[in-house]
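Take a look at the structure below.
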């Protein structure tokens, strides 16, 4: 159905694609995998006509095509769900779903009523209930992703590309999405599926193509592959343990470093209490939208809490600011790296030092050499793909941006590090590194709070787990109690109902 | 070179012609505007912003105060030099029911339609210092812009004996006072083939801008410049500064023309700059009130009141056409700021920053 | 935490060197404004020989300095994500205030205090409106521009008048061995601003705030104070520029600084300061100011009529800005 | 200080209606307040005749501001409007030169020319990828220069009867202002009920997303600046009717003034939020304010202070997270 070959694309300073090929048949789900910065999203954008390739050829069916802008690709039946949301915060859900192809009435005017009705139908089919007249900015991230997916469901595309669609959704929503995708496959749609979650690839996809450093590595049927062979292909080495084992067992009687009591934030967090211990990785699990991020944000001072206290190192706060939290040694890797994390037009170096500027102070000056050096160290140790500390963050791939953010906070905290979805959009290789960093930090006595929607990650990394549901903490799991089933039980409705 | 200033010995061009080449006498009958006092008078001002217009407005207010007995109310609007706003202002004044309107038009043409309309509604309009282009008004009180421009040009021509290089230093390009002075001046210069206009530059009536542009002009022409025709006095100090800073010694700075303000007069003496000052007396604003009362009493008035401009030349720089009305050295006020107005009738105690009038409003 | 506490994760594979050399076009974009400046200098020199005379160059510097001082402040505000339209009004008001103190050297202190107060206060109001009330900078500063103009008119009864003390004339228009004195003022301010913006922690905080305000808040930066600070800085610099410009000519009037509000923005932007905030350099912005003034001066020397001057200014703006086209 | 103040974190749901009510509510409230104050100051203020004057006086500002609203909704701004109006107005009256036969062809030509200039702005913005504020400042300077090249003085004139556009009234109601009102109603309708209208909002809301979605971002950008040019041409023709001739500086004041009603009417300078009806109310508010200040009988300088304070008051009622 769709095949590309010999695609090359250079950005200033980076050869993003160096002769990639990809062939997708009608009625198959084709996985596109590769490390962060391998060029998956760039290839997506080229197929979608957003960027034009420097070289190479795109074939749709038999015909060689050349896009002048995304509208053409769209008209030819290529639909893309991008890694970043393509949503308009101040337009309604229905308008977002139909933008660019709004139904019209006989006079050629937009028919909002019809758009709303059809949006409701589509969302119902996807199994989510969202008010279609609401502005999209008022939705949770997960709901926004569902709106994004709904856009692909209006009419059956010829080719559907999904770039990390499950990064912000989990559980039931993922299942619903997969069901839809399988149905589309039966309808003969060619689907390209990009994800860093290997389970999904094994569960969903028929064939896969691995790219690395902008080059084609292999195309194979998924059946018959193992996790390990796939990882080796992607990363170029074995990853014996994705979740590194404890080097020494976690302390038996750890100190309480941070205590949060009865935190209330709006209608999202309704009286949560938790304790973080030195040297312990505490997981915070729950369904998307259960209020984990808000709870963490309130503890960090980024959201005002209506009620509750936070106690850090013996000091109690009824209100706390990020400044206070940072000075007490708390770090916070936010989940929304673009909106709440990075200064996109600044280079890597500036972004890394941003939270620990005092460490690059020399007299009244900022020590630029030291800053550069620090950035170079982190670039090496986190394997951040870039041209150097001077690279603008805005030009980097999503996974590499995430690494920059973690590097920043790993340097800035000395008591507590809160990581909200730390491996969202991060490739397996880097993921393993992030896990090792987390272990290393914990080993040095830092208390870690890891918010995660990925069960294997929660189970694999946490020493203790808090589970949240609808703004409340529904359970605490210790050591051996931590299993995927236990977490799901506490996190979902069903149990409550039972 | 300079002639003795005896009237009998006057050998210059006929002044009347310089004042207004198309002079006709015209008297307007105003009996239809006759009304019994007390009156409400509206004044639509183009805008404030420089010392001349401030003093002029004070003159107007003073005039109203002097006639408190018959003037019930003087309503003043200010358009901030915005044509659209002034058109609206005139409309508003008309709908506030004034008995007579005095208008100082921001631009001649832009105010024409609305003033014409107001006249048609039966409200008499007196144009003050800036007229509209048509003659749909009762009378026009002014000192003539073209006259100033021509006299300045004539003086320069005569001083240079018809041969030399002139720089024209305008106000704001395209603004009516600037163009109305500059174009007649160019006509005069054009009559003398020996006169070369080196450059025409604009100062936006500002000494800062004036200095900037003159610095560039001096850098280019240096001592070739024989005279600077300036459309007003506001920018002259900037120009003279530019010459001084370019290393021109006292006595070397070319002749300048000026109007109204104090600074150039003092500098002319300090740096020995030949200078012609022609004033545009703000007292015409007080005259406007007197004329307004005349109109409202139904008395016939001339179609234009041209107030007499006072002429003053640095000693020894008089020419056949240009003679001083008052001694130049008596004009400047050493303790007053540069843009202080030297010609006003408000008396020695008048200070624009503290002036206070009890006009009826 | 100590820097060495970071766990070092050594990579097993070395990253393939995918980074290619920076392209020539990158460097051209980065240094566009300087290249533009030099080109303009050369072209002007060829077209109008009097342009390169020592006298003209010295004039040019004298004339550029006030704009350059304003541009420093404007650039800082834009870098932190704002915009300041009130600078021209501040300049005029500060200069007018200066005329209230005729007199000797002692008056300089008084004038500085009063005009800096005016600039600082206006900046504070702007900053408070923008930071605390989240008013759009365009409007907040537009409104304070109008209010300030009103206050100035009310104070001077419509027509400010007077000159500044002679010592300020020296600062504004004096030369020392042919070198303009006000260049020293600019040099001090520019070096200080450059130092703060590019070489201190504070400067980094300014940039990050401009780049992403939410992030800056989460980093515990005093974002409101940073924003307010940038407007105060801009107000203070505009006040100084007003006094210097007042000292340049003899008379201080309502025209002082007219047009500087937009010119300063244009200068900063063609000098590479991103209107979206978080990016730019002080030297670039200064070069932008120089380009603007140079273009105006060159036209005068070429003897082109005023209309061409205005046209050329527009062309220069568009051309210089176009150098920053990013792929 | 909370992060929520500057982010779009969800606080409470379904604020759609209140937001719009708030947006227009503030302008309406200010209009009411000024009307009441005006009636207290003078008994002539409250007359129908006075309100009809204000209605008429809002015309020019409302016209330019409509185009400005569109450019601002896409996240841009058009600072060349002033110079464009100046140039087009001198051309209109200069070419017509009181010749009645030329009125229609010249007006048509000026409208086309306005659109062409606007289109050039749009093309420059799209091609150069420079912020519209800078591009239009640049083109604005060029246009002002051209206006002065054409004439340094008010140019030409128009035949009798042309001023009907500006001063004509039927049953005491200004014809020009009513046409503008209708244009606004049409624009408001189109903005809500056509794809182009919604796309304009989308571009301002998130330009990058609009590109990815394949919306005709470039074409729409060119379109809004073309429309801005068209409205400038209409303003220029209106001003020629009102002034009886074109002036080389006729439009100078509109450059910044055209932004005020837009923002006072609740359109955010960051784009994507707001609407045209707010702008119309904003233009009415400003005309009313000028009128009120004239009735107030205070000196010019106090008027300026009051005007600035009212703008500050109005705008500080809106919060705008993003810069503009």
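Order as written gives the chain letters A, B, C and D; numbering starts at 1 within each chain.
The criterion applied here is as follows: a residue touches a chain if its C-beta (ideal position, glycine included) is under 8 Å from a C-beta of that chain, and two chains touch if they have at least 3 such contacts.
Chain identities (UniProt): A = Sugar ABC transporter ATP-binding protein; C = Autoinducer 2 import system permease protein LsrD; D = ABC transporter permease.
Remember, predicted model here, so these are calculated numbers, not experimental data.
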{"item": "Pair sharing more residue contacts (C-beta pairs) when C-D is set against A-C", "value": "C-D"}
{"item": "Averaged-CA centre spacing for the pair chain D (ABC transporter permease) and chain C, given as whole angstrom", "value": "29"}
{"item": "For chain A paired with chain B, centre-to-centre distance based on mean C-alpha positions, whole Å", "value": "73"}
{"item": "Mean-CA-position distance for chain C and chain A (Å)", "value": "41"}
{"item": "Chain B and chain C, separation of their C-alpha mean positions in angstrom", "value": "37"}
{"item": "Per-residue overlap in chain D (ABC transporter permease), given as positions that touch at least 2 other chains", "value": "1, 3, 7, 148, 299-300, 303-304"}
{"item": "Per-residue multi-chain contacts in chain A, two or more chains", "value": "302, 321-322, 339-340"}
{"item": "Contacts with two or more other chains, residues of chain C listed in rising order", "value": "153, 157-158, 214, 217-218, 276, 306-307"}
{"item": "All pairs of touching chains, each written as two labels joined by a dash", "value": "A-C, A-D, B-C, B-D, C-D"}
{"item": "For the chain A and chain D (ABC transporter permease) complex, residues of the former touching the latter", "value": "45, 48-50, 69-74, 80, 82, 85-92, 95, 99-100, 102, 104, 108-110, 131, 133-135, 137-140, 266-267, 297, 302-304, 321-322, 339-340"}
{"item": "Residues of chain C defined as touching chain A within the complex", "value": "1, 3, 5-13, 15-16, 18-23, 25-26, 199-201, 203-205, 207-208, 211-212, 214-222, 274, 276, 278-279, 327"}
{"item": "Interface residues, chain B side, partner chain D (ABC transporter permease) - complex", "value": "45, 47-48, 75-78, 80, 82-85, 87-89, 91-93, 95-97, 107-114, 117, 133, 173-176, 179, 361"}
{"item": "Residues of chain A touching chain C in the complex", "value": "10-15, 213-214, 235-237, 300, 302, 321-327, 329, 332, 334, 339-346, 350, 353-361, 364-366, 368, 374, 377-378, 380-383, 385-388, 410-414, 433, 436-437, 440-441, 444"}
{"item": "Residues on chain D (ABC transporter permease) engaged by chain C in the complex (per definition of touch)", "value": "1, 3, 5-7, 79, 124, 128-131, 133-135, 137-146, 148-149, 256, 259-260, 263, 268-270, 299-309, 311-312, 315-316, 318-321, 323-324"}
